[in-house]
Amino acid sequence: MSGTQDTQGLVPAAQALSRRPSLEELRERKDRTRRHLEPTGDVMTISMGPQHPSMHGVYRAVLDLDGEVILAVRPEIGNLHRGVEKLCEHRTYHQIIPLTDRLDYISGFAMNHGFCEAAEKLMGVEVPARGRYIRTMTHELCRISNHILWLGTSIMDLGTQTFFTICFRDREYVLDLFEMLTGARMTHSFARIGGVAKDLPDGFDHRCRKVIDFLPKRLAEYERIIKQNRIFLKRAKNVGIFTSEDCHAWRVTGPTLRAAGIARDLRKDEPYAAYPEVEFDVAVEYNADVYDRFLVRMKEMRESCKIIRQCLDKMPPGPFLAPDAAHSLPMKKNVLRDSAAMIQDFYQVFRGPQVPRGSVYRCVEAPKGEMGVYIRSEGGAKPARVRFSTPSFYHGQAVPALVEGEMVADMIAIFASVDVVLGDCDR
Amino acid sequence: MGVMDDPLRRPSDAEVGAALQQNEVMGGPVRLPGGIALPVQIERVLGFGRSFSFWPLLFGLACCAIEMMALGGSRFDMARFGMEAMRASPRQADGMIVAGWCTIKMAPRVVRLYEQIPDPKWVLAMGSCAVSGNVWDTYHVVQGIDSLIPVDVYVPGCPPRPEALWQGLEMIRDRVKQSRHAYDGLRRIPAREVLLHGEPRP
Amino acid sequence: MNEGLDTSLTVVLAKLEKRFGGRLRKQTECCGDLTITVEPEDWMRVLSFCRSARELAFDQLDCLLGDHLPERTGAPFEVVVHLLSHTHGHRLRVTTPLAEGQDLPTITGLWPSAGFDEREAWEMYGIVFAGHPDLRRLLTTEDFEGFPMRKDFPLRGTVGGRIRTDLRGKI
Amino acid sequence: MSDPVAQLIFLIIKAIVMPVLIILIVAFAIFFERKFAGFFAGRVGPTYLGPWGSLQSFGDIFKLISKEDLIPAKSDKPVFKLAPYIAFVPVFLVMAVIPFGPVGGEANLFGYRFDYVIASFDAGLVLFLAMGAMAVYGVVLGGWSSNSNYSLLGGLRAGAQMISYELAMGFSAAGVMLMAGSMSLIDIVDGQAGNFWDWYWIPQIVGGLVFFVASIAELNRTPFDLAEAEQELVAGHLTEYSGMRWGMFYFAEYVNLVVVSMIVSTLYLGGWRAPLEVLDFIPGPIWLFLKICFLIFVYMWVRWTIIRYRYNQLMSIGWKVLLPLSIANLLVTAVVISAVN
């Protein structure tokens, strides 16, 4: 990868370590860094969570400790379970969209997008070019806001709060763009079946360019802070090694998998929206530790800026919603002018889309990992079964495999580095 | 134990006064060890000081927690009123921002956290989910956190903007200044009563 | 949209047919997804073949889910798995119909990530996975009664879980 | 009025004024901590209570005093109640032996001799180390008596950490002791008479740095705040403390900050002495105050910039880096001094 050049550390030690280890080497390294202790009987059990400052929500992990070393972890999730999937069976496809962005509320649009992609695959709706570009751009803005938030909170978990507020400062700029585009800061409900809800507002292009010109400078600053901080290197290097085979076995995807040396990115491998038409590199690192997960995400944010810039450059004219009267809503600006659009609006709102029978599974690359949506339709406006196989659900499951044998402080770092959000996990 | 008889009845002021004397109900002025109430002027001064030192519990449930964190971030900066010292331990907190939907699995923990906060304490229900359950009218979600713990201020929104939360916190500060609490006149540890004796099990 | 299967899935299908022949109950495809329906007895054999065969090499379980089709009276339940091969890049859906109370062997031995999924399918639909190491309720409270994702379970109200909610404004 | 009576009156005044002053400094140190945290994070920090929010700490004190006093049901109650005092009292005692101006000499106040120290104690340095060791008990007992796993882990971490860093601290302070030829802090300041290049920070640069790093650990501040490690142990040994008991721990931490800053400036930065002899007309207490402010700022700077060490890394730094360095420093100092003499 030519792109790995700029992620090489400024610190000599980081350079020495950034050569690619083989899978065997990683396995051996993982074996070496974890402490294999036999339970001696003096086991201290502490319950971390649901209310714990670094459990990123309400994850609960019951830890068996020998001193500070973790012998076993028993995860408990479900504290935010609210039956989204059951609720989806009682909602039409259009009404499901607002439910989806409360799954992973930090990257709400990615969830909207995943559901709409699946529904469109089922219904056979073709999204017009402008809709695809707006989706791609919003998805990448989402990725940036997610990763910045993640960066702030995970470094806070390592012990400094300054970084946290600094990251929030920059996240606000992205949220401003969201507010301009969708009207909401976090839960956008912006995607529609067949496109997006609204066109780009006036002046968005200019403001968005300003933000994405400015962000990489800030990212470079953050990266300098990370890479030159010896304590951070000590805390993050060779900690929480999770090889690619572990990742496959536990369905750990996204940045964690890419940090293990697998260049898997659904944006490239199973392209959707406008991703085939923009150029970007897949961020890959090879050491599979916490540090490399940091690097992968830092690089992904840069790539996202690149994608957004290309989307803005190439933004095609035309409709942003599919002119598909059977499945998608009409463009709102037409509803009050055009009787056909008005009828379509009434029809879609009161009856819902008319969907063929069948089942479909579609994955998109959400910021946290691969987000799959399974829809089984029995015809009609409501799905018969919806399943969101969200990344955090599996990442939360993999926590015992990730942290057993590490120390308590490392568990915090590792848990932060796989990025679990509980709304996503519990559904 | 007159106040305790009927859990659904709001007691009268006289009953509350009597119960306060016997330390059966919560609220009322700060008491010295002998049970002597402080003069109201001192209470005012304390309230004024306290209103600048409201430390919420560092506890987020769902989406709204992210906006709560945004309020702590650089742009909104809740530190201006001395609120940035969010305590991770409920023992050191002065109140709770219930940020997000509360499920029946989480409910006993929310109540427990509320109980662990020492008096005087205030609760802000942030977001439509905590206020009323929002769209999650399903089998696993508590329809409004006020069925579990006494709530001082409701901030609707999904999620509320940080400015809205800010206004809610300002209203909390007003209540802090006046030493008014949502639990004034309620039985001691009301929520636990409901959880333990309310039918069926939690 | 149904352009038919792409070549790699044709290979998968041929391979599976060669190995299992008539034991595959049916193959369907919808929107480019290949679905194989197998009998519950063959569940383990088909899936372990999918995991181990070199041309298939499904090294990742994308998700496992339960489903309820009450109109199918003989076997109202269904378990669906989505498999993904990182080596070849293809996906496969395998389903099996299940009667009420019928067990299914666990596949946590093949893919550890099935652990939570199977727990969820059990608590939501009551599908028992024989041999699962830790088949407890996952998302709902431990004393939850009933299987909430079944079609006859009401969406609203506190039918299974218990917290009294009718005291609003009273306490 | 005879001299002993005057000295007694002075002593009483000093013993009252000094703690009050320190508490005021502490209140503002807490305010500045929050303000600096804001500045480092691109925020403004407390703004509204008092001018620039400067009375923020008093709001906190009002709040903490009037909070309910919760004692966990299963805690060891006498120990639980005692622990804050054990943490609080020793740090105040150290103040008595730190000189904040010239001691001895001719009459300088209303015809009487005014010593700028509460107790001219011959083994001030030892008292400081001993009281630092005492304060560990507060933390450990507080953690243990809370009957909470987080508290226990925090207390154990604090115990192990403070004991191992105290060694490095003691050895590096011993270098200063050798140079001054005395364990009295008064003599140590006297030994640094002259301009700022005569202070001990130049000959004792290694020992000084070791002492500074170890003092951060002693103060339980980032990067060595493992006892409290909010993201790991909720609030560590303080998890179960509420109201004013927690406030006492919190306060003790900042009093300790001030006291340790005083000790560092006394040992290495010339105590109350002016950096240049021509500036001697400015009274000693003011110089000491400025040095304390500077050191407190440095401590805060470190705290809000650096992330936390892991527990085993912390111990290995303590035992494998700081302790050998401080012993080597002591040996070299001893050899050089005996060679010169």
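The letters A, B, C and D name the chains in turn, as written, and every chain counts its residues from 1.
Heads up, the rule we're going with is that a residue touches a chain if its C-beta (ideal position, glycine included) is under 8 Å from a C-beta of that chain, and two chains touch if they have at least 3 such contacts.
Only a predicted model underlies this, so the values are computations on that prediction, with no experimental measurement involved.
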item: Relative to chain A, chain with the most remote C-alpha centre; value: D
item: Distance from chain B to chain A - Cα centre to Cα centre, in angstrom; value: 33
item: Centre distance in Å when chain B and chain D are each reduced to the mean of their C-alpha atoms; value: 37
item: Length of the line joining the C-alpha centres of chain A and chain D, rounded to whole Å; value: 46
item: Chain C and chain D: spacing of chain centres that average the CA atoms, whole Å; value: 62
item: Set of chain C residues in contact with two or more other chains; value: 139-141, 148, 153, 155
item: Junction residues of chain A - those touching two or more other chains; value: 52-53, 78, 81, 83, 86-87, 164-166, 169
item: Residue numbers of chain B (touch at least two other chains); value: 73-74, 88, 105, 138-140
item: Touching pairs among all chains present in the structure; value: A-B, A-C, A-D, B-C, B-D
item: For the chain B and chain D complex, residues of the former touching the latter; value: 30, 45-46, 48-55, 73-74, 77, 79-82, 84-85, 87-89, 91-92, 94, 116, 118-120
item: Residues of chain B touching chain A in the complex; value: 57-63, 65-67, 69-70, 72-75, 88, 90, 100-101, 103, 105-106, 109, 113, 135-136, 138-141, 158-159, 161
item: Touching residues (chain side chain C, partner chain A) in the complex; value: 1, 30-33, 35, 59-63, 65, 67-69, 80, 82, 86, 89, 91, 93, 111-113, 115-116, 137-141, 148-149, 151, 153, 155
item: Residues of chain C defined as touching chain B within the complex; value: 139-141, 143, 148, 153-171
item: Residue ranges of chain A touching chain C (in the complex, touch as defined); value: 77-78, 81, 83, 85-87, 89-90, 121-122, 124, 245, 248-251, 262, 264, 269, 358-361, 363, 370, 372, 374, 376, 384-385, 387, 389, 393-394, 396-398, 401, 426-427
